[in-house]
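Order of writing sets the chain letters: A, B, C and D. Residues in each chain are counted from 1.
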Amino acid sequence: MSQEISRTDGFKDECGIFGIFNHPEAANLTYLGLYSLQHRGQESAGIVSTDGSKLYSHKGMGLVADVFSSSDISRLYGNNAIGHVRYSTAGESHIRNAQPFVVEYSRGSIAVAHNGNLINSIILRAQFEAYGSIFQSSNDTEIIVHLIASSKESSLVDRVIYALKRIKGSYSLLFLNEDTMIAARDPHGFRPLSLGRLKGSWVVASETCAFDLIEAEYVRDIEPGEIVVINKDGIASYKPFPKAQYTPCVFEFIYFARPDSTIFGANVHAVRKKLGERLAVEHPVDADIVIPVPDSGVPAAIGYANASGIPFDKGIVRNHYVGRTFIEPKDSIRHFGVKIKLNAIKDIIKGKRVVVIDDSIVRGTTSRKIIKMIRSAGAREVHMRISSPPTISPCYYGIDTPRRDELIAAKQTVDEINDYITSDTLGYLSVEGLYAAVSEAGGSFCDACFTGRYPVDIIKEQNAPQLALFK
Amino acid sequence: MSQEISRTDGFKDECGIFGIFNHPEAANLTYLGLYSLQHRGQESAGIVSTDGSKLYSHKGMGLVADVFSSSDISRLYGNNAIGHVRYSTAGESHIRNAQPFVVEYSRGSIAVAHNGNLINSIILRAQFEAYGSIFQSSNDTEIIVHLIASSKESSLVDRVIYALKRIKGSYSLLFLNEDTMIAARDPHGFRPLSLGRLKGSWVVASETCAFDLIEAEYVRDIEPGEIVVINKDGIASYKPFPKAQYTPCVFEFIYFARPDSTIFGANVHAVRKKLGERLAVEHPVDADIVIPVPDSGVPAAIGYANASGIPFDKGIVRNHYVGRTFIEPKDSIRHFGVKIKLNAIKDIIKGKRVVVIDDSIVRGTTSRKIIKMIRSAGAREVHMRISSPPTISPCYYGIDTPRRDELIAAKQTVDEINDYITSDTLGYLSVEGLYAAVSEAGGSFCDACFTGRYPVDIIKEQNAPQLALFK
Amino acid sequence: MSQEISRTDGFKDECGIFGIFNHPEAANLTYLGLYSLQHRGQESAGIVSTDGSKLYSHKGMGLVADVFSSSDISRLYGNNAIGHVRYSTAGESHIRNAQPFVVEYSRGSIAVAHNGNLINSIILRAQFEAYGSIFQSSNDTEIIVHLIASSKESSLVDRVIYALKRIKGSYSLLFLNEDTMIAARDPHGFRPLSLGRLKGSWVVASETCAFDLIEAEYVRDIEPGEIVVINKDGIASYKPFPKAQYTPCVFEFIYFARPDSTIFGANVHAVRKKLGERLAVEHPVDADIVIPVPDSGVPAAIGYANASGIPFDKGIVRNHYVGRTFIEPKDSIRHFGVKIKLNAIKDIIKGKRVVVIDDSIVRGTTSRKIIKMIRSAGAREVHMRISSPPTISPCYYGIDTPRRDELIAAKQTVDEINDYITSDTLGYLSVEGLYAAVSEAGGSFCDACFTGRYPVDIIKEQNAPQLALFK
Amino acid sequence: MSQEISRTDGFKDECGIFGIFNHPEAANLTYLGLYSLQHRGQESAGIVSTDGSKLYSHKGMGLVADVFSSSDISRLYGNNAIGHVRYSTAGESHIRNAQPFVVEYSRGSIAVAHNGNLINSIILRAQFEAYGSIFQSSNDTEIIVHLIASSKESSLVDRVIYALKRIKGSYSLLFLNEDTMIAARDPHGFRPLSLGRLKGSWVVASETCAFDLIEAEYVRDIEPGEIVVINKDGIASYKPFPKAQYTPCVFEFIYFARPDSTIFGANVHAVRKKLGERLAVEHPVDADIVIPVPDSGVPAAIGYANASGIPFDKGIVRNHYVGRTFIEPKDSIRHFGVKIKLNAIKDIIKGKRVVVIDDSIVRGTTSRKIIKMIRSAGAREVHMRISSPPTISPCYYGIDTPRRDELIAAKQTVDEINDYITSDTLGYLSVEGLYAAVSEAGGSFCDACFTGRYPVDIIKEQNAPQLALFK
């Protein structure tokens, strides 16, 4: 366990959470639930269980299948458990930041698993430190626990409400103590969180694909601003927050969620196909073949092919045996980073006018490498089509996008990007097209990454006079 | 290093091989070549290199990316190297069987990497043992080395010819000693093996996808019965065997090879699409959607959709974060083995008449589970279409198929299989259809798994009076 | 990283600490210092270093030589470092308890390494929790850091003084922040702590044997109640506490410290020989041979032999290749726990009247097994001699002794113990004899384990009204 | 598993072997037996067991306690097992050389564990290679197996006799196949090998200390030139070799064996004390204190002290927490290699005239460092006394001594050595004194390391015309 200790500024992480209450194999099912949510975080994994008298924890760096052995699972006693998978930016990938986060405080032990990002974490942390508190991790979750511990409320749910009233930003949360599991979702409902039922057990998961594997039945979403308390008396719902605008993350549909999940009321794969269909209408082109950048571009490519009548084909193969790092020869291979994952099929592409479908362009460097690879395979023309609008603003609510100055669309026009990535033509889906495609899931979304309009004002919150914490 | 020691009966393994001669980063490029061939064997990996004076070896159990660290690569000195990836049936998965196989004998050291299976291994082994030889592994390759060592020929190539004249079966081979690399392919040409060029270096690989990653240029296939000798004097070709019928393995096209490879003169993905097109002609059905069993069913499903006009869609999601083993709850999940990998997308499938495309049916149990999963997702009808003929006979030439009595098509009619797997209709591609699809690659193939006609008679060889080994 | 989370009651641990200021190889020398102090704790090890701008930490479970690789050491940047080795009772042996403990608080980062035990930890922890603080470990050190963080003082030394004024019990402490190292010893001076000099660097270590390995020169002990502050301006000493009685731990001499160390002003080996000499005077016996229980009984056995004239011999061999656990056969071996470590030499013992020297008897079970082993080896008589008085009370100041009801001498007379362990005669050193042997080190000691007289009253402290923490 | 493949010249290794026949916990007891013999080899360990139908093997690099987990032991099925611990010189420390060595040949499987060294291995190997055999390891044992496999005899014992008649050198051997365990000792009886009884089971071990731990009873030594066959019919003894001179290794007494073992008929500790007593007579000196170099010098120091009347003391402490490697600071510590293990106790040594007892001097560098350390601790005089004669010749029979030109006593007089190691006086035991001390064990020994007289002529054997192997 090595680490570098430094003051942190609120970094970003992507996560998946899962919880189950009242099942004799709680830890084993949580393990499987996390495995289904593995795409939401591949860096660390953890489970905390309870048998009513104690909490038991196992966490580690790496994939779920590697972090847990069967003996680890067998020592996570009890019928209730919560789990967490996490991805974070380099430099902060330490076991001390792995979740669920567990502490002791005046009322006993508590474990927390968090998906999202707080935007008033720096000021809250500063306030706590000013009052003498100490911090051992660099993640937001420790602040939530400090708030719970500093609450004078006598019931766990009231302490959780006390804490959540003081934090700003995005959160889907699971809490576990010796007798109660609590699920909570921020008032804007940024991140998904669903409630399921497995015979006599309640299940909560970031995405419904976790229910499918363990054969739980989807019941409903945890609502924005809702706090659901599950204990031996059953299930209770609290809505202690003033009504806020519902702004679920539209990027979950575009890229992040698994295609077989239903989030915010719509199936992800179906939405992605519609994005592709809309894209074909907005940016038609005369071409011979539509190919996706695997795997995330596949549904939109199917949609584009359907709407345009141009045949779909799999022109790029993805190698899934990818390890943490690859040993690159000194006499460097061109575009090594892309080639180690992707290879174009020459026989499919040679001499063709190719439409390439991807879900987004971040820095532009990967698109440039992919287009060069497709041209090397003999494509006559390469038409890039993106199933989302230009990404112009960073996310502060739980998606790992880079800083604004690294986003190519924040600095360049579509024509300039087309030149940079060397495509013949480039077309992005419009914001209107995006909303048309996701209409099944309702009308309002957080689209800050495409529009720069943030539902919760970052600057304001980080500078605002705060609620007094210790009065 | 644990193992069980027992007499073996010539078991099967699937493998990929790679070699490079005269490159300053020979070991690093071999590592990347093996990574590209990882689909041919995920159980063990090894590289042997030479700097002209010694051989250096590193082998281990697991994936290429896990077996080799950069310090391992840095200690594989020299400009020449060969490598091997291997999959084998349980019980024989020991480090002692990992390849390349390295020994010392009267003429120095030699390393061998073998893709294929010998069918006269038992009798050869018995003969060697009768003369007092000892065996430390259970793989065929040790026999080849014994033959080389027992040869009285003075040059390496003549000793290799001596050995190959005495073995029967399928083999694509790479040999390496201090100054020479030799590539050889059996007279029937069962397994693929290609020659490539990377600036001043020669490269040999099981499939051309390995050339793409390292930016080598495909030159030609090693011919059936050809022995290619590469040393400081250049490259030389030998054809010491009587002409035999060319019978490359047709199953490489159907399932085993990577879609972006060109083997036996045709692109694998293109052939698979044609298999799907033919299948649509032979077994049409009135349906709403064509979905593949991922990943191997994708190209044939595209072909089926194209030829039938029924829309293609991705109705099943595959989870690629699969580890070695999964911890299954005691209260068992139905069809756990399939569910841990695959999940049907309800919104795509519900209410639809679905054509499901898979490449083959082995025991039928997996197909049965997949069809049940698709029905649970709400499919109105499920029509199973298989892009190859019924698998009725085991392979003795390098593909890991089970014994005949485990092959469902060896014992049941298509109707009975349809009943068992619970599809509404079931259609297999005909042998004629298969040949039509692979016509680009030439007219003759080993199709023993579908027809029971073996190019080299197993029974005869195992019982035949042998060439005297020690006269 | 697995753990069980539970409320703790102030458990015991044994530790060694080491620090060095202003040396270009600070982390490497700390690693060697910890290796010399390995006998003080074999369960976890950790080092924190600083380069003036950040703290760098590496901790792990296991021996120093296993926890640190050379690349770990190379990433512990900077010229200043502190380290810690720790042993603790089962159930609390988790990485979260490994030290040095590192946190961020309002003034920056701080690392702490602690040898000792607080006796007012429960009440302090309760007070902190009452004010909303959270705890992540079960060790006392976290309380010290909470106190430092809650101090309003502006300098680090004043915050440390603020904290130390509020804790009771035994502590030898090292603190490190970005620019300062602080060493502190409690007013009673329970645990040893010495100051050394290595050219231009200051070194602090639990025992002087750490100086010998790195060739540092012993300067003096850190005095009871002294706080030594080392930074770029040099070294400064503070004595902010009211004078208390100096009561260093006499058990360090008897068992815990390394024989080549000088602690509390006397060499450990020399004191142990004197204990043996005194023992010979107090409990003479007519015998043929004096043998030690290795390794800790050796010096006292030499002393006993010298004083009695009975020849010393090594009648018991110790196997040092001991791992964490041993796989015992089901058909159990008698006295397995002792036999795996010790074996009597029959030829030395057979037919002899044997004096066996050990440093102490805790539960009596090990002594009983050793005596049976010696009798099995053919001893005619076995006379047990213990180089300390009967152990009748647990230690609350940093030695891992069991609860009172597990101490055989707390419940049984010497005669009863003699019967239980099956010796022919049994003699303990008297308290007077003990003081005579340690006289070189001064007159007063903590001898609570032998007398039940605790220099700091446990019961009183745990129940006393505390200094208000947050006024 | 990394390795360098090269032609080898017959290197040296030190080993311990253990076997048990007919015990339900055969593997577990073998594990404990090997643990007792750990001092004979710390580099690799292995066990092969059999349940009558198959052999089961587990081997690994490292200490016994690290190589075997309880699940490893549980998979070593059956009532019969043999095991091996091994130390070898660097460069050949590969898992492929770990023993027991297991192969298949015409008669089934066989496992071999070997302690000793063959001196005609190069010529035998060359002959086998000339006949076409291949070699996969660099150890002698593979040759023994080739010989067994090449034998035409029909019974295992006759094949073993056939093989042993063709090898020269030192060997204590254990063989195991599905139904029989065979123990053999070379005609000169170089290495120890003892037979024991544990209820209904037979046990064989390199040293009797292994019997003590598992509570087996010593029965007798395997005799020089004896082959003991143990199977379900009981135990049978064969003596197929012409009588040779009995020349057990005297160095086992001086250094290698464990003090609590009885080998060649005498207790090791008792012999070592006599060596010290003789040394005191031959090289008296006026001094204040006798101290051993721990741990091997302890018994001789006790003997010297007893005979001379000078008090024995433990002036040097040994740190037993030694790992594989230590990270040395760049600003090097003087005599780091010695200091990491040993530390002199100043208070014991200061101002004294010290007699230092060690068992032997090899290169002289370690003695030089130890003496400097003792002088730094303040010794007034340092008198080095060695409990064996000068080591002038390398061992070819199983002890890891360096080449002749690295042995200081092969090149320098005692006076010159005294100057080099900086002692005031230096005294070696005479050969006559050595024989006097070991007289209890009989009159003849291999003393080649001290006299250069080899019982089996190395040069002659390596060049002699051999028995035809394949006629």
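Just so we're on the same page, contacts are C-beta pairs under 8 Å (C-beta built on N, C-alpha and C of every residue); 3 or more make two chains touch, one makes a residue touch a chain.
A quick note: this is a predicted structure, and the numbers were derived from the prediction, not measured.
Engineer: Compute the shortest path length in steps from subunit A to subunit D over the network of touching chains.
Structural biologist: Minimal hop count between subunit A and subunit D: 2.
Engineer: Using the contact definition stated above, find the chains touching both subunit A and subunit B.
Structural biologist: The common neighbours do not exist; no chain touches both.
Engineer: At the subunit C/subunit D interface, shared numbers over all numbers used: above half (same) or below half (different)?
Structural biologist: Comparing the two copies, subunit C and subunit D contact each other through largely the same residue numbers, since over half are shared.
Engineer: Which chain's C-alpha centroid is most distant from that of subunit A?
Structural biologist: Chain centre farthest from subunit A's centre: D.
Engineer: Could you work out how far the Cα centre of subunit A sits from that of subunit C, in whole Å?
Structural biologist: Centre-to-centre distance between subunit A and subunit C: 48 Å.
Engineer: Counting in whole Å, what is the centre-to-centre distance of subunit C and subunit D, each centre being its mean C-alpha position?
Structural biologist: Centre separation, subunit C to subunit D: 37 Å.
Engineer: Just give me the whole-number Å value for how far the CA centre of subunit B lies from that of subunit C.
Structural biologist: Using C-alpha averages as centres, the distance is 61 Å.
Engineer: Taking chains as nodes and touches as edges, what kind of graph is this: line, ring, star, complete or other?
Structural biologist: Ring.
Engineer: Under the stated touch criterion, can you name all the chain pairs that qualify?
Structural biologist: Applying the touch criterion to every chain pair yields A-B, A-C, B-D, C-D.
Engineer: Using the touch definition up top, name the residues of subunit B that touch subunit A in the complex.
Structural biologist: 24-25, 28-29, 31-32, 35-36, 38-39, 42, 63-66, 68-70, 73, 209, 212-215, 258-260, 262, 267, 269-270, 273, 298-299, 302, 306, 311-314, 317, 319-331, 333-334, 339-340, 343-348
Engineer: Considering only the defined contacts, which subunit D positions touch subunit B in the complex?
Structural biologist: Within the complex, subunit D touches subunit B at residues 1-7, 48, 54-60, 72, 75, 95, 98, 102-106, 108-109, 111, 126, 129-136, 145-146, 149-151, 470.
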